[in-house]
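Each chain gets a letter, A, B, C and D, in the order it is written, and its residues are counted from 1.
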Amino acid sequence: MLQVLIQGLLLSGLYALIAVGFTLIFSVGRVLNLAYGAYLLIGGYTYFYFSQQLGLPKFAGVALAGIIGCALGILKFQLIVRPLKGNHVAIEISTLILAVFLQSVVIFVFGDSSKILLPIIPGVERVAGAAIPFSNLFAAIASWVILISLWLFVRSTHMGRAMQAVSMDAKGAAISGVDATKINMFTWALSGTLGAIAGVFFASYTQLYPGMWVAPLIIAVAVVIVGGIGSIIGTLIVAHIVGFLEILTSAYIAPELRGVFTMLLIIVILVWRPSGLFGREEL
Amino acid sequence: MSAKLEIRNLVKRFGGLVATNDVSFTVEPGQSIGLIGPNGAGKTTIFSQIMGEHQQSSGDILIDENEISRLSTPQRILAGVSRTYQVPRPFSDMSVAENIRVGLTPDSIWQMITRGPNPDRELELAESVGLAEEQLARLPSELSMGDLRKLEMARTLATAPRMMLLDEVFAGLTVNEIAVISKLVQSMRDDGMTFLIVSHDLKALEPLVDEAIAINQGQLIAEGSYSDVMADKAVRASYLGAE
Amino acid sequence: MGLRWHHFALWGLFAVTLFVLPEFVSRGTLRTLIFANFLAIFAISWDTLSGRTGYISFGHPFLIGIGAYTTAILTKRFDVAMEISIPIAVIATMVGGLIVLLPALRIKGSYFALVTLAMMELIYQLVQVIRPDLTGGTRGMSGLPTLTRGAVNGYYMSVSLMLAIALTTWLVMRTRLGTALSAIGMNEEAVSGSGLSVTKLKMAAFLFSAFIAGLGGAVYIHYLGSIAPRALFDINFVFTIIVAALIGGAGTTVGPIAGAFFLTFLLEYLRPYLPGAERYMVYSGLALILYMAQPKGMWELFFQGIAKFDRLGRRE
Amino acid sequence: MKFGKILKAVTAAGVISAASFATAAYAEIKVGFIGSLSSDTGLSTLRGAEMAIEELNAKGGVLGEKIKLVTADTQEDVTEGIKAYEYLAETEEVDFIISGSIDDVSLGWIPRMQEFQIPTLDTWTSSISIIDMVVQDPEVMAPYFMNIASDEALATLYINFGADVLKKQMGWNSVVILAEDTGFGQAITGLVTEAISPVAGIEVKETIIYDVGTVDFAPIFAKAQATGADFIYQVSSVNSQVISSQYVKLQVPMPMTGVNVSALGMEYWEDTGGAGGGISTLSPLPSVGFKLDPTSQAFVERYQAKYKSRPVIPHFNGFNAYYGLTQAMAAAEEAGGFKDAKKWSAAMEKQDLKLELDGKLWLRYGFWGKDEVEEVTKRTYPHNARFDLSAPYDDAQPSMVVVQWKEDGSVGVVYPFEYATTKFEIPSWIKK
């Protein structure tokens, strides 16, 4: 029981970190960034290259992953999202193509086979039969720290409030003097950074492989849909629902069915309550 | 031929906001009524509820004494009521003729496949609203605002309504275009069409209506002859207060 | 329907060209053409639903998969003849798809895309767990009966199917049904405001799309002789179908065919130079550039070119 | 009228380019490689074949013609594998195909091989069901050969290892099987489950099947621990470094052995970031940690001089490809080429290469005869590599050996004892 609780908390913390960057884009820019998973892919491989292959310090590897993710976010906004001018279908499709493109770039550079990331902090602690690798614990704690600072940032800084304003009503925000383009670009950069850092943790939790962008994308989608858009707290709560659902399914039903309930949750929520569990009711 | 519309105790809530607050009125067959009120008074919301685009929270809507609240939009159109929109949004990649064709299409998949379009009827409808034959092949992006409103009227007329709801038909039009549309509405009135018209252009509205209804903040504040309603204190206050 | 003699002449020419092709090209090229034909069928199916009505389906393999799995299981596990199992598969695709996706049709835009994506992932995971003795689990099944042997026969089978589907789709889309479906993609509210039941139309588009997907999927696996869930319910497969339709030109019938042929041949021609994964880099990079340059597809580029040319001609 | 023009243009372009496609030169022997171009195992076969071809060409080729190699990538995907086989057969029109495909991919293209009747040699797939096809339909399957011992032999050796080491030395009585959901996983799990209890006296507590896409093994290991078995038997051929590295990362307090394909390459240590200690696996021969005979050693040295990227030492199938391709060419010399597949097949059946180390038979590249019954399993293995299941292994090499990675990064053979270079141990974090 305690074992399930521990595993659930570790996994959910990671899921929250994965989903939050996606939530930001979906609520501020109102677009579905299907290439979101690619930030995790690129982040993970960047860390692998710098820290594990070149032997740079681990912190530098994480920082470089963040920087590259940030640059990727800005590029994506400037080269794809802006030229398509809010054409949602076109953005969805071009980000999907971009994700496949980045996947093949990774295959080209690093090859097709899985890579193992060394634990960021080696060591394991055993509590009530559950193994707690320090690396995973660190990932969960880091993800909480990042989420709380993000929450504080959105609530208490000028930039954060501007982001909230744009997310609620882009036109209204423009009238009150907020430069929506600038806010959008900032959000894309932030989302890219968060995604890439999440990628390092995700890969150290699991593994690095070129197809690793799909699973976190689905998790992010699930969290955003179930939680409703625009809420960091909602993201956190639903990440725990999804995380615990997976752990409970693997532990008590069958490990193969692990993702099934997440999918069912997405479908049921979307059909039954399209605005999500914690979303605002739209006029 | 003409339809009768009856609204009874209509209420629509969006979350905490009451957009329509216990509104009742009747449009007799062949009658034309102007629906006036300041911005955000809830005029378009009433149209949406009549058409079934929004479901009312409570109250009844009747066409010719039949409750239509449970019908879908296409079924209501079949019952005889059609509307136009404040901002005309035609099918952008289709020609004028094809836009009208959608209105003429029967609501049966089988008939859509087996029966071809009727170009003569398309032309007839286009000409009846004052569009020229050579405009049939144009794309909506090549039309003026006035022509877009005419196209919208033609597509709505294609559904063979017995009552029309016109939403801000004069917005964005030149004086000449207003005259053309007015004449068109007048001639349809002569043919017995029932009208409910929303317009900010009160001068253009006046000659087209028999009576007027004023609403503010979702509530009916006055009804009666056009001049009586315009003279009403509450109505004047609502306009002054809002603008 | 506005049919003119030259329409039939062009279709006839197209068909004749495709039918005499085996006389001129190698068997290897025919094999490539077979895959192009199947991709064209899937792209037409996707386009019927998504290209026309604007409801983007990211889970189209879900439909193809129902058809493919139904006939695979029937023939492999129950020894049903293909002549019976394929029609059953088509019906199963239409019915199964409708039951599952009907609720999804009431949600719009990005959310519809997400539900279909989730649906595909769900079915992928379920195929592995529910009755793996029937479905073959994650590994799928091989050694299924095949409809034809040899490149030439396979080519004729696939090209006939593709042409029949393309011509039918083209004819149906020229009727007022096609007009109404395209109208949904432009302004759904106005379609219902014109007295047409949008739900009924979407259902018609969906059933038509499912019919093609089920038929294509069933015949496809009886051409391949094997079925593998990982390749079928794969986001890369979705990607290929969507890109074929979009690169060619969504909302048209010839667009998806042109897109499918273009992409399949691009991949095959790159094989001798870039045998490995680099091919997909070139492929997806090119797709991204083409799509960003003209979201309406090559078809639209072509028309714009003609229009420009016409205008130049008129000026002189 | 407009769209007709583009149709014509498209078809015309298609015809022209297709025609140029078809004019391939045909004055040489063409060998096609089918397999993954991005996996170590795929590359092993490819490079083994490349080296054999290079050597043969240096000696003047085969039947007076030079050998040329073309490749087709399967991406370890069944559909891509079928396309790749068709490409080799119909576009490249190869004479002979050497395959480094995984089981499911081979099973996908086998019907195409039956159709085209191109001499084909599998160096990696060990699926017994393909050998069963040869038994059932020797005519159609005549051009097919597999020069790795099939699953049946692999499982049998494992059962012996279970009896001699796991039961006798370690005193383990029960096992939980952790198998991937692949054709290989299913075959091995089935064979092991059937025999480990009656022969080795080890009870199978539970079998857990996992998807090859699994990324988080923590709950799966937890479930395995909950069965209370003495050790875990893993069957993992795809992405197997993931399960083993997580085993080490999580320090699962339970010994684990079995089949772990990623541990068959020298890159294993690097790939797991030094986290693969304690993992043992069955390995076909030649294997990492296995002493090589002089001929094979020379092959490895030339290989290392030629290839600087991974895999630094070819996996067993690289050796199979090297020797197998040489044998296939020798058979072609005898049969007058590859055109008559039946004749070539008969010549290939007779190929027999014996390599010795210290005066003892060390490796043998030969095939079982059609009606030859193997003594231990009591069945025939036509067109399958010859192996020996019982000591002293004087007929051929054992079908497999068990190798183990130590926590210091070294690797050695632990079973059969005749070939052992080190002893079977459990990881240091397990308190016993």
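Assume a contact is a pair of C-beta atoms (placed from the backbone, for glycine too) under 8 Å apart; a residue touches a chain by one contact, two chains touch by 3 or more.
On a predicted model such as this, the values are computed, not experimentally measured, just so you know.
*Asks:* If you take the mean of the Cα atoms for each chain, which one ends up farthest from chain D?
*Replies:* Result for max centroid distance from chain D is chain B.
*Asks:* Going by C-alpha centres, which chain would you call the most central?
*Replies:* C
*Asks:* Considering A-D alongside A-C, which chain pair is linked by more C-beta pairs in contact?
*Replies:* A-C
*Asks:* What is the distance, in whole Å, between the centres of chain A and chain C, each centre taken as the mean of its C-alpha atoms?
*Replies:* Between these chains, centre-to-centre, one finds 32 Å.
*Asks:* So how far apart, in whole Å, are chain A and chain D when each is placed at the average of its C-alpha atoms?
*Replies:* Roughly 38 Å separates the two chain centres.
*Asks:* Quick one: report the Å distance separating chain A from chain B, using the average Cα coordinate of each chain.
*Replies:* Here the centre of chain B sits 47 Å away from the centre of chain A.
*Asks:* With centres defined as the mean C-alpha position, give me the chain B-chain D separation in Å.
*Replies:* Each chain reduced to its C-alpha mean, chain B and chain D end up 74 Å apart.
*Asks:* Where in chain C do residues touch two or more other chains at once?
*Replies:* Where chain C meets two or more other chains at a single residue, that happens at 128, 276-277.
*Asks:* Would you give the residues of chain A that are in contact with at least 2 other chains, written as numbers and ranges?
*Replies:* Chain A, residues with two or more chain partners: 107, 112, 256.
*Asks:* Listing for chain D: what residues touch at least two other chains?
*Replies:* 38, 75, 181, 211
*Asks:* For the complex, which residues does chain A have touching chain D?
*Replies:* 3, 7, 11, 52, 107, 111-119, 124, 126, 129-131, 133, 135, 205-207, 209, 211-212, 215, 247, 250-251, 255-256, 258
*Asks:* Touching chain B in the complex: which residues of chain C?
*Replies:* Residues of chain C touching chain B: 1, 172, 175-177, 179-180, 182-183, 186-187, 189-197, 199-201, 204.
*Asks:* Where on chain D is chain C touching in the complex?
*Replies:* Residues 1-4, 6-8, 10-11, 14-15, 17-19, 21-22, 37-38, 71-73, 75, 77-80, 82-83, 86-87, 90-93, 104, 107-108, 110-111, 115, 181-183, 186, 211-212.
*Asks:* Which stretch or stretches of chain D touch chain A in the complex?
*Replies:* 36, 38-40, 75-76, 181, 208-211, 213-216, 218-223, 225, 239, 241-242, 245, 249-253, 271-275
*Asks:* Applying the document's contact rule, which stretches of chain C touch chain A when the two form their complex?
*Replies:* Those residues of chain C that touch chain A are 54, 56, 58, 103-104, 106-107, 109-111, 113-115, 117-119, 121-122, 125-126, 128-129, 235-236, 238-239, 242-243, 246, 276-278, 280-281, 283-285, 287-288, 291-292, 295.
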